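I have placed the structure first, in the form of structure tokens, so that the comments after it can refer back to it.
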Amino acid sequence: MSTPTQTPHDAHGAEVSTGEALLVEPSRLSPTRRAITTVLRSRELSIFLVLVAVVVLATTKNNSFLFSSDGWRNFLLNPSILVLLAVGQGVVIITRNVDLSVGSVMALTAYLTGRLFIDHPGLPIIAVVAACLLLGAVLGLVNGLLVAYGKVPALVITLGTLYIYRGIMLTWAGSDRINAGDLPREFLRLGTRSVLGVPMLTIIAVLVLAAVGYYLHTARGGRELYAIGSDPDAAVLYGLPVRRRLLAAFVLSGALAGLAGALYTARYGTVSSSVGSGIELQAVAAAVIGGIAIFGGSGTVWGAAIGAFLLVTINRALPSLGIEDFWQRAVVGALILGAIVLDRVLAARQARKLAESRDR
Amino acid sequence: MTATDTAVPVLELRDVSKSFGPVVALRSGSLRVDGGSIHALIGENGAGKSTLVKVVAGVHRRDSGVFELGGESVDFSSTADSKAAGVAVIYQEPTLFPDLSVTENIFMGRQPLTRGRRIDRQGMYDEAERLFDRLGVRIDPRRPAAGLSIADQQIIEIAKAISLDARLLVMDEPTAALSGVEVDRLFAVARSLRDEGRALVFISHRFDEVFALADTVTVMRDGSYIDTLRIDETSPSELVSLMVGRDVDELFPKVAATIGEPVLQVSGLSRAGVFHDVHLEVRAGEIVGLAGLVGAGRSEVARAVFGVDPYDSGSVRIGGKDVKAHDPRAAIRAGMAFIPEDRRKQGLVIDSSVTRNVAGVIRRSIAKAGLLTSSMENKAAGPWAGRLEVKTSALDMNAATMSGGNQQKVVIAKWLATNPALLIIDEPTRGIDVGTKAEVHRLLSELAGQGLAILMISSELPEVLGMADRVLVLCEGRITAELDRADATPEAVMHAATHHLEDAS
Amino acid sequence: GCGSDDGGDGGSGSDGGSSSGGGDLSITMLPKNLGNAYFDTSTDGAEKAADELGADFEEVGPETGSPDAQVSYINTVAQQGKDALIISANDPDALCDAIDEARSADVKVVTFDADTNPDCRDLFINQATAEGIASKQLELIADEIGGSGEIAILSASANATNQNAWIDMMEKELADNPDYADIKLVDTVYGDDEDQKSFDQTEALLQNHPDLKGIISPTTVGIAAAARYLSDSEYKGKVALTGLGTPNQMREFVKDGTVGSFALWNPGDLGYLATYAAAALVDGTISGEEGDSFEAGELGEFEVGADGTVLLGEPFTFNADNIDDFDF
Amino acid sequence: MSTTTQAPARTYSAYSAPLWQRLLLTRETAVIALTAAVILYSIANVPNFDGPLTIKFLLQDIAPILLIALPMTLVIITGEIDLSVASIMGLSSVLLGVLHEGGMSVPAAALLALLAGLACGALNGFLIAYVGLPSLAVTIGTLALFRGIAVGLLGTKAITDFTEKWADLATGTIGETKIPLVMIPFAVLAIGFVVLLHFSTFGRGVYDIGLNDEAAHFTGVDVARTKMVLFLLSGVVSALAGIYFTLRFGSARGDNATGYELQVIAAVLLGGVSIFGGRGRLHGVLAGVVLIGVISSALRLESVTVNVTNIIVGLLLVASVILPNVLAAASSRLPRKAAPAAPRESHTHENAASAGVTTRGSDS
């Protein structure tokens, strides 16, 4: 279409651009209406409603599910550790990677917590937690370095470090294990204490969630994580600091798993060889249920956190709903499938709308 | 290289080389671009233009040679470095983030910030709208990049590059996917940038564009610098012979063929939102051109006919027999061959060998009882690759490392091997140099002469007019004109391609 | 002389007996899983016995307690041609093939803590009779809740042989014994001997049975997790807890009043006895027949009972008064 | 300008690298060599490794992984993944047990269990191939779902009373040899899969899909059907492995084979299959499975704890994917003539290389 360039456009003014047929026009919605539709259409809201439904159902069957001091506390407390992991996992998945080693990292730091308290009785709690964060970050850094510089998919690398880190933990621990009696009382109280009816662990998880969620939404670095996950090759061509961002994502995931390990010890008081085994898949599941696309680039950590809440709460609610707890896992599986099928249905509807808008 | 010899050039490359393993992509590339000028870079497929661009952009590091920016020697190790040094690049393949909004795509990594280093979203959207206004397009700045056509993607790339406010703007075939209107707007913007004193490098295989836009032109061949000429002191034929190293006889070697029975009959084909009530017929020995603006839905029609995409209603018949909808295998069995527009993504299994690609469709017929060995494939693929003179050092070479023209030949070879009755070819020469272009055209003509029915989609009007026996024009998914070779003038085609709306209402 | 002629293995068994009489004694211990305080204690006891006997001793085991993981280790013992294997079985039937294979490679197999089918091992060292354990726990819980109210059981896994046997006994005794007429067993849940699962199951129990008065957890992992849960919940002091636990795990909860008393045998003694029994089997002192007797170091003399079972003794009750006398 | 003006006879042999070279310098050869080395080392240095029982136990242990690795290789080559295999094993195990306990004969129950495996594969396949959902997410879901159904059906009980005859079949050996009987169906399946992947048009389609599924679709490969078939195969072979597992241990439990999916995937990746799809060969995968089996067997004989085995398997996995990249990067920094040392680069050989970018011989 090169030689005879008579523009139809010149004759009829800007409105008849060739783009008209193929581009969706700038939206004319007011900012508030746009914000409201965004929220209403969001995946986070729908999953949150499912959560509310589960809680309401379980509570009508059994009042103490929510309305007893323990019921309320457990509703908030139980998901906290998974929330931390899901937030870290969410960030990693947004970059189109995955971190399967979080369960093993958690096991290592949970044991480290106990070990530190046993070997250095006077150590302040904050120092121990910091040590866990640090160890987790270092383990995450190893993952990140291997992924970013080895040019190897994270699934393979973290599957390898899943074995390695747990192997190290078990070798280090030998046949030792940590009992509640080995740990200082205040540390154990951290695991169960509440402030204004909200457990400490939940407060920590929510603070972490808020910080990470805010960063992802409003900081350049956060947006770059999305860009990397959306198309890693384009991100390199674009000149984004891909390696640095990937390292950061894995370090964050590792550090949060480290924190989760310390909090696990505070909450459960004992550290056995099976701490956190299999929890990596739960963290991935929480992220997926919460609307983070498994191939990166979209979703929020808010969704991942709500996903984690839903997973844990469903587990707790099933017995109250009269379903044998053996069926819990089947329900969780059905939930994951439901979530991704729903995503697809919504996406197909959106695509159809785009097609219709072109037909006008 | 006369007028501005004294001033320091914005970009200077001398004897730059770059190899990928055994493949020498660039032997000695040289390029000198002054501020306030538009410099065209031309050369055959695989001449090393894109490689040169990628060296400038910091995607690749040169193996040797001089690379100076504004008189200072530079050595970029990433595209971030080149960006920081004021170089903006539009790559040959669009590089967008599909999940992010169009606006974020433009400003990624350098979003405007407000207090507390927060991203200023509103400011960003406003800025994007201003950019789109300048380019004269209407795109919702909030829509995701996913689902944009290649042309739209290219426009976003251009907006991105312009917004960088760079002193050097390099565009690697930005117009390959654009229609005349959009090309014009792009050129207007490019000229205004030049007038602001910036330097532009423009790569294209279309000479009319080169002559319309550029001030100087550098020719490359086989990875080496050949010559630099002022545009007003040269002619297309001179450039062609410099590029090819010989004279190209005829660009559209159309030979008359006897037109036979109808091979393809499409009637009432519709798909909501894409195309409506399409009727068309292609006869043996006939080349039917399908023209239209970008986004008119030509590719979609072709894809639906071949069964890659579904359609809502209508029928497709080959040799009088209905072909099952949405089933490429049925189409192949019926004798259709389809060369899609995006050869890297659709035409080739790009990371596979030439052999595997060429034998890709015919493997079912060369297999014995469904069983197949590599030597059977080699035996079948070798002659076809040879016949099209695919320039590769080995048949088991990865198709990914070949230049665009050679890749296109592999795709053609793979489909000719099926011995089809109908060939649908979408943008047969997109991004292909003149030399190879003429070869492709001669081949199409020859095939039609042998009785093959050909449906050819092209955005290059000269190509359509030069090759087709009959031209169908598509506008917004509807056929708005059917013109015989004699009636098919540029004006008639353009009218049909753009004036559908008024005619209908 | 070795008069072994136990059915199945016949000739090959007696050949083995005579040949291994002279050389070094090599014993492998295979607990349900590693990193479990209970088994660590029994391994310590076994090691002590092995030292006294001058035997080669080794502990191996899987990370998690599943039968298929144990099979690999049993196979390895067969390959290595060890003299004896001491094992706590994760499944009564699933291990039999592998054990048979080991026995046909002249390995004597002694089970302890959790038995397999009697016909696939040589000897089982029983920590206490099921009746003894069951009635002990009922006695303790009845005491704590004042003889009436709802109780529940938090067990290990649903196919844990010994736990199931005890639970059966408890159910029977609850039904039959008029002293327990007012006690109602409302639920049995399984924590799979995992801390977190047991912890969460405790929570579920309390939530689903608001009138619950007491919990019996006949497994050391379960009772510790349940105690942890109770100790800082609103139920502390209201819901009684007893079962089988180790003093080190439970000390804190006994002292803070969460748990009044609990029972256990000494797992160290269990390992010690199993090792002596294995040695006696290898050197032919016993063949596993009912009535055979052997000397078990500082524990004295033991006699093989019905079904090739050796009984360690009665369970012991730990409470605030005596708990500081123990360290395991 | 051009340096090479060749007017070559365009036959295939003029283009191709010698066959031996292409066969030898591959990732698969490296894995096989490493496996052989570890076996030889173990025979020489690990006490009792050369004993008569080793081969039997080794093969029995790795049999389920060998079996599942066959379809898993094809699935991963198409660029998908199936994390639900171990759960399907668990489900088929439970079904076998429950049906047998309900009075059905073992073969009839096994047949139904296989059908259930097929159904599981069909669910995966439908969602992935026809609905177009990402397999990683789908099979994480079905991993939980299938395991959940298994555990739900049987709780944490176990069913153990299987007829001796059938249990013996699972643990028996071929005649006087120490080769377990299960190797016979495995060998049949392995040959079938090798032919399917490497010597059939279907297999070519599998590779094409992994490299570029859109192009494969445009070339007439039925992408959806191919994926569906692979997930069906994966489901039914996993069920078969579950039945073997159940009969071998004589115990049907909901939690049978938990975590096997990661072992299978580790072995497949170790064997040289690219997680991105499009690359990998079956003999490498089988060597990968054997390698992991031999290492754990040898370490167990040395009484090394399973933790160390896990660390070694993890390190091997990481090293096996990192090393080729590191070698390639290192060799690209060397002067170019020395380049094709890395296995990855074995496709291009020196003669072809020197030709570089050729011009058409038009001026000659």
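By written order: A, B, C and D. Residues from 1 in each chain.
We take it that a residue touches a chain if its C-beta (ideal position, glycine included) is under 8 Å from a C-beta of that chain, and two chains touch if they have at least 3 such contacts.
Bear in mind that the values here come from a model prediction, so they are computed numbers and not experimental data.
Between the contact lists of chain C and chain D, the overlap consists of A. Set side by side, A-C and A-B show the greater C-beta contact count at A-B.
Inter-chain spacing, taken between the CA centroids of chain A and chain B, is 41 Å. Rounded to whole angstrom, the centroid-to-centroid distance between chain A and chain D, based on C-alpha atoms, equals 30 Å. Separation between the centroids of chain B and chain C, computed from CA atoms only, is 75 Å.
Chain contacts: chain C has residues 34, 63 touching two or more partner chains.
Residue positions of chain A touching 2 or more other chains, listed in rising order: 170, 293.
Not a single residue in chain B touches at least two other chains. If touching chains are joined by edges, the resulting network of the protein chains shown has some other shape, matching none of path, cycle, star or complete graph. Chains touching one another form the pairs A-B, A-C, A-D, B-D, C-D.
Chain C meets chain A in the complex at residues 33-37, 40, 43, 63-64, 189, 194-196, 199-200, 203-204, 206-208, 210, 221, 224-225, 228, 232-235, 248-249, 251-252. Residue ranges on chain B touching chain A, taken from their complex, read 57-59, 78-83, 91, 95-100, 104, 108-111, 113, 117-119, 129, 136-143, 147, 149, 151-152, 179-184, 206, 208-209, 272-274, 293-296, 459-462, 476, 490-491, 494, 498-499, 501.
Interface residues of chain A, counted against chain B in their complex, comprise 1-9, 14, 16-27, 34, 218-220, 223-224, 226-227, 229-231, 233-241, 293, 296-298, 351, 354-356, 358-359.
Within the complex, the chain A residues that touch chain D are 98, 146, 150-153, 155-157, 159-164, 166-168, 170-171, 278, 281, 284-285, 288, 293-295, 324, 326-337, 340-341, 344.
In the complex of the two chains, the chain A residues touching chain C come out as 62, 64-65, 68-71, 74, 78, 170, 173-177, 179-181, 188-189, 192, 268-270, 272-275, 277, 315-316, 319-320, 325.
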